[in-house]
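Before anything else, here is the set of structures, which you'll find just below.
In the two assemblies presented below, subunit A is common to both, partnered first by subunit B and then by subunit C.
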Partner chain A sequence: MSSVLRSENNALTLWQNLSRKSFGYAILFPALLVILGLNLYPTISGILTSFTNQSLIDPGHSVYVGLENYFKLLKDPVFQISLLHSLELTFFAVVLQVILGLVMAHLLIQKVPGIHFFRSVAMITWVLPIIASVVMFRFMTLPSYGFVNILLKDVGQERLARNWFGDETFAFLLVLIMHLWRNVPFYAVAFMAAMQAISSDLYEAARIDGAGEWRQFWFITLPNLRYIILVMVVLHVTFTFNNFDFVFLSTGGGPVNATEVLSTYIYKQAWNGYALGYASAGGVIMLVVLVFLVLVCNKFIKGLSEE
Partner chain B sequence: MRKPLPTRATVTCTGLAIFYLCLLLPIAWLVLSSFRSSDSIQSGRLLPLWSELTFQNYIETFQISNFITYLVNSFVIAFSVMVLTVFLGSLGAYALSRFTLKGKRLFMMAALLPQFFPYVLVLIPFYVLMSNLNLVDSHLGLILTHTSITLPFALWMLTGYFNAIPRELDQAALIDGCSRLGVLFRILYPVAIPGLVVAGFFAFVVSWGDYLFVSILSQSNQTQTLPIGLQTFMSSLQVRWGLITAGTVLAIIPTVVFFSIVQRRLVSGLTAGAVKT
Partner chain C sequence: MRIKFPHVLPIAAALATTMSVGFATEIDLWFIPMSSEGPMKEPLLKWMKDTLPKELPGITVGDNYGPPIYQDAQQKFIVQGRKGKPDVIEAVLEGMIAYQRAGLLAPVDDLFDRWSDKDQFIPSTIKALTLNGKLYGVPYNTNVRVLLYRKDLFQKYGMTPPKTWDEMLQDAATISAKESGVAGLGLTTKNGSVRTFQEFISFFFQVNNGENPYKYDEAGKKWAMNTSPEKFGQVLKLYSDCFFAGNPPAVNQNTRGNDYQATDTDYVSGKSAMVPMGPWIYQYRANGEVAKKILEEETGVAPLPLPPGGVQATYLEVKPISINAFSKEKDAAWELVKALTSKEFIAMANRTEGVNPPRKDVAELPEFKNDWWEQAFIAQLPTGVALAPINWGLVINDITEAMQKAIYKNQAPEDAGKELYNTLEQRAEKNQL
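Moving on to the complex of A and B:
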């Protein structure tokens, strides 16, 4: 594009051209410094740390220990449980989010009175600080006077009432529900925008050919949403797999590791256990697993489109 | 006589009702409870009596030591992150959109990469780096940290926005004697306002809600923000849920207000980074 620009400005001397270029680099530099200096450097440094026995007590002195941290981690039963929980949470959250997002998007493109209000407030759950969502869910599920237990009592099902976040089965389910609560509207609004962009001629043609609603959805809507679904899935596999706040703030990983995920386990190893090298190794494994997951999603969704 | 099938509108309304009940109930319950007295919250009734409604929780929340400090810290940090992200992001995007630079594609990819890195991994060397720079427990340290998280997205999104603006506009301005920076501020900024607003909003929301980085890089009341404050309330105020809910409502008001201003442009902006470029 800039070559076009240059040919239009034959008056530009070599010197002006050079300063033009360096101006471009100069204004890019601050962003470059912040992004590469504060993201890429720490990550590379983190990968290097994973091969040492660095400790928070004396971070200045550490010894190269090779793959020792990795061998220890893979044998660590809590690490294995955390890895399993992270994978389960990511899988169920993303699959349910896509399904519920499609349903909600389908509702939002209908023309009913007040639909603009529904569209405009949809993403409210997404913009709230995660701590606020956690307060809401913990408050609603309090054992003695939370909304859920009061409601159960009022409809005569008091025996079902419990300390939801303190329950080994339900705590994990609640973490999953909080993820859905926050992200489903984002999927819905993104899918809705993509659905509105599909030409109505396609549906018209399908109706003439006698295709019902379900077939229209399956053969026209879904194929046209492939790209946005891929974007949302990759975005949220990353978000869910890396997310720390939901679990740490709601259960801290408990009860008895029932909700422990990789990010909370690694955090505790580093900042409560002082084992920076060990925790870094956990982080590197997380990174490798995540890259693998993203590649799988990419392949899977692209594969679907070729059918 | 056959029962008529439910109409499309009925199905839609029922579906919407179910979805929005689930989405809005926790927020409504939080707001309602923040106006109830302790006795009312613990009464075991779902709805309060009129006489039980009170502003007491809000008054007491402000009296709790540190709440105002948390609020001020959150504002200072989130606002600075917003300004810095938009400023550096638009400068960088201007360079990427209008100048021939070597390694442009490589840099764009490198900028995107950190989005996939687990923050808990980045946090460890980050802490070491910040302590070497003497920036632990300082506003500046947190502002730079949050900016490094929000900048890649802003850069991508704004590059897309700027690319969509015709180059003839810059040309005309340059011929009229406008400086190169002037082109950015006088020509591109006004046209790209929707993009700038979404980038700023995103930066604000991320910084305002961050718990993880603040929990490590902030070590005293001087720099702690609302998420840390609310978490402390939850663990230290135990049964005083009136105060906790009031504090939470206060913490979400700024994001809700900001959201109501930008919501129209939010989705197109958020997906633009991924779709347009």
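Moving on to the complex of A and C:
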């Protein structure tokens, strides 16, 4: 009798478990479908396209070409320089954003009259659409009518006036400055929020022990900010490495490829040359580099968590 | 309640209206000047609203006229064209060639041949839109690149419009030296820019006997080079000299990398004394008194100066209106094409923009015939050379990149010319055209 009951109970539990799991799967299914449809399918399709000679203006005649697109890309000097620029831009932008973000956060956290106004204003650069920011920078640096050049002329430095975005030496620097201008306040606000969560007892104890401002920052503030710093770094490595609009809208990759980055290079191959297979191969390489960068960042995060 | 006859009339009228709307053929049109902000937009939209319904009863045209930029329209049409929308598209010649290559355009030869207006169109504009023996659009706008120069400044320094490249460089250097804040010559040099390419190719046509850099090889069934590295080098040397020969040089070095907005604005604000230009700049008269005075009173129009042994040739722009090959309403689409290339529409649109009409009957209208600006450009139309029907996208990138290498002193013009030739030759060999 009891064994029959037990087996009935077991069957019930199994059924309950199954229906609970099915319910879970049923709830997950729509989200899974969206992820598969919107992320996985295009990625796999892009990878498959990269092994073909598919052209946007001749879509019916796609032929499998193996690794030919990859070999061609790796030999292409413009691709090489674009990859280098993407890595340089990502490195310098992210490092400088962290440093300047910390400085700005330190300033914004001060309790001085009117600081709330500055805290509100600081986020304007982040809120502005990128196109508006780029147009503003372009106008400011125009050769004849730009604010920067007029200012230089007024202070007797006309010889320094130039078409800044058309100058090989300064164009890349300006792209970097636009990244900093937009993102540093965002870093600062994020860091400031984390700084406000640090217990004041720690600083008080440090002051009693004779620690100065710098040592307090180094030994209390910075260690407490490490998670938010790493989150910001991972996010912005992805954002900067993938960024297209700043470069495309300001310089189009020029002059003489001085600001060409992977995203603009791939865009040109796809939309100017209609070489979808070739462009997809560039996209796959970009994906691989980005995954590698994110894995490195994650490794650091994991290391810190274990500490 | 009895319904009296007079009461039935409005009901019947309302029903009839509803039914006629229900049966009206709806088509979509992408027409960039109707969606991009500029002096053209308002008069064009007014015509679409007031005149078109009378011209085409039974056909309604959607009021979304597509992306405001040709490049965006090109990308979107190539992706979505196979869905049949838009039914009718306005384009630049480079775009039309790409659409035709993608199989997105319906040939209109038969329809055009049956149209009573067909003989009104200037043959060179029809020829430019004929690809592989078939006509893929009807032109509504044409123009060529000429040299605009400041008559007042040339008179002031006792100079006549330059006839050769050397004279152009000398005159420009003179003005740069003597006229404070004015560069002798303005050029568009942004990489990848269609305008940069159009200026370059105008000078190139002069050294290449008025021919395209590629020619179709019937025997090999592929495109082959129709020029030499030296000819590219010669044009690149001109660009290099513009920026570096003379002190001060013909072109302000700080304007390297300028796109067309800066070139146009510099000229109409008096910052440059000469520019290779098309007639559209006339619409800048609306920008203010300075621009109006410069364009209406102080500007002269001359053919582009020639290189030694060169021929008078220049870039011919023809803007077509074409039918989507996948449109489900091709008959209605053709009716719309006819309306947008009619005498009335072309007269209104071309006059507003200041460009030249591809129709002879429009060119004969007093407002065109008695207008010095129109006539000055029309006189140069026979020297216009249409682009070969290839995929120009990457070629434009290659050419503008080589030009930038020369003007940024990354390479000697001769070397940049050789490299450009090799790159373009490889594109032909690899069938990338």
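As a convention for this text, the second predicted complex is superposed on the first by the 259 of 307 C-alpha atoms of A that agree within 3 Å, B and C clash if a C-alpha of one lies under 4 Å from a C-alpha of the other, contacts with A are read in each partner's own complex, and residues count from 1 in each chain.
Heads up, the rule we're going with is that contacts are C-beta pairs under 8 Å (C-beta built on N, C-alpha and C of every residue); 3 or more make two chains touch, one makes a residue touch a chain.
No experiment lies behind these values; they were computed from the predicted model shown.
On the superposed subunit A, the positions of subunit B and subunit C overlap enough to count as a clash.
Applying the stated contact rule after C-alpha superposition, one finds that A:209 touches neither subunit B nor subunit C.
Of the two partner chains, subunit C is the only one that A:161 touches; subunit B does not reach it.
In the superposition on chain A, contact is made by A:144 with both subunit B and subunit C.
Once the two complexes are laid over each other on the shared chain, residue contacts for A:276 go to subunit B alone; subunit C is not touched. By the document's definition of touching, neither partner reaches A:201: not subunit B, not subunit C. Of the two partner chains, subunit B is the only one touched by A:104; subunit C is not.
Looking at the superposed arrangement, the partner reaching more residues of subunit A, out of subunit B and subunit C, is B.
Using the contact criterion defined above for the overlaid structures, shared-chain residue A:129 touches subunit B, although it does not reach subunit C.
Steric collision with subunit C, judged by C-alpha atoms after aligning on chain A, is confined to one stretch of subunit B among 19-27, 163-171, 217-225 or 253-261, namely 217-225. Taken together, the two complexes place residues 59, 142, 144, 271 of subunit A in contact with subunit B and also with subunit C. Considering their complex, residues 1-5, 8, 20-21, 23-25, 27-28, 30-32, 34-43, 45-46, 49, 59, 103-104, 107-108, 110, 112, 118, 120-125, 127-133, 135-140, 142, 144-145, 147, 150-151, 153-154, 181, 185-186, 189-190, 193, 227-228, 231, 235, 238, 241-242, 244-245, 248-249, 262-263, 266-267, 270-271, 276, 279-280, 282-284, 286-287, 290-291, 294 of subunit A touch subunit B.
On the side of subunit B, the complex with subunit A involves touching residues 8-9, 12-13, 15-16, 19-20, 22-27, 29-30, 33, 41-46, 88-89, 91-92, 94-96, 98-101, 107, 110-111, 113-126, 128-129, 131, 144-145, 147-148, 151-152, 155, 167, 171, 180-181, 205, 208-209, 211-212, 216, 226-227, 230-231, 234, 241, 244-245, 248, 251-252, 255-256, 258-259, 263-264, 266-268, 270-271, 274-275.
Note for the complex: subunit C touches subunit A at residues 71, 75, 78-79, 98, 101-102, 189-193, 252-258, 262, 266, 269, 271, 391, 393-394, 396-397, 401, 404-405, 408, 410, 432.
Within the complex formed with subunit C, the subunit A residues making contact are 56-59, 142-144, 161-163, 165-168, 171, 251-257, 268-269, 271-275.
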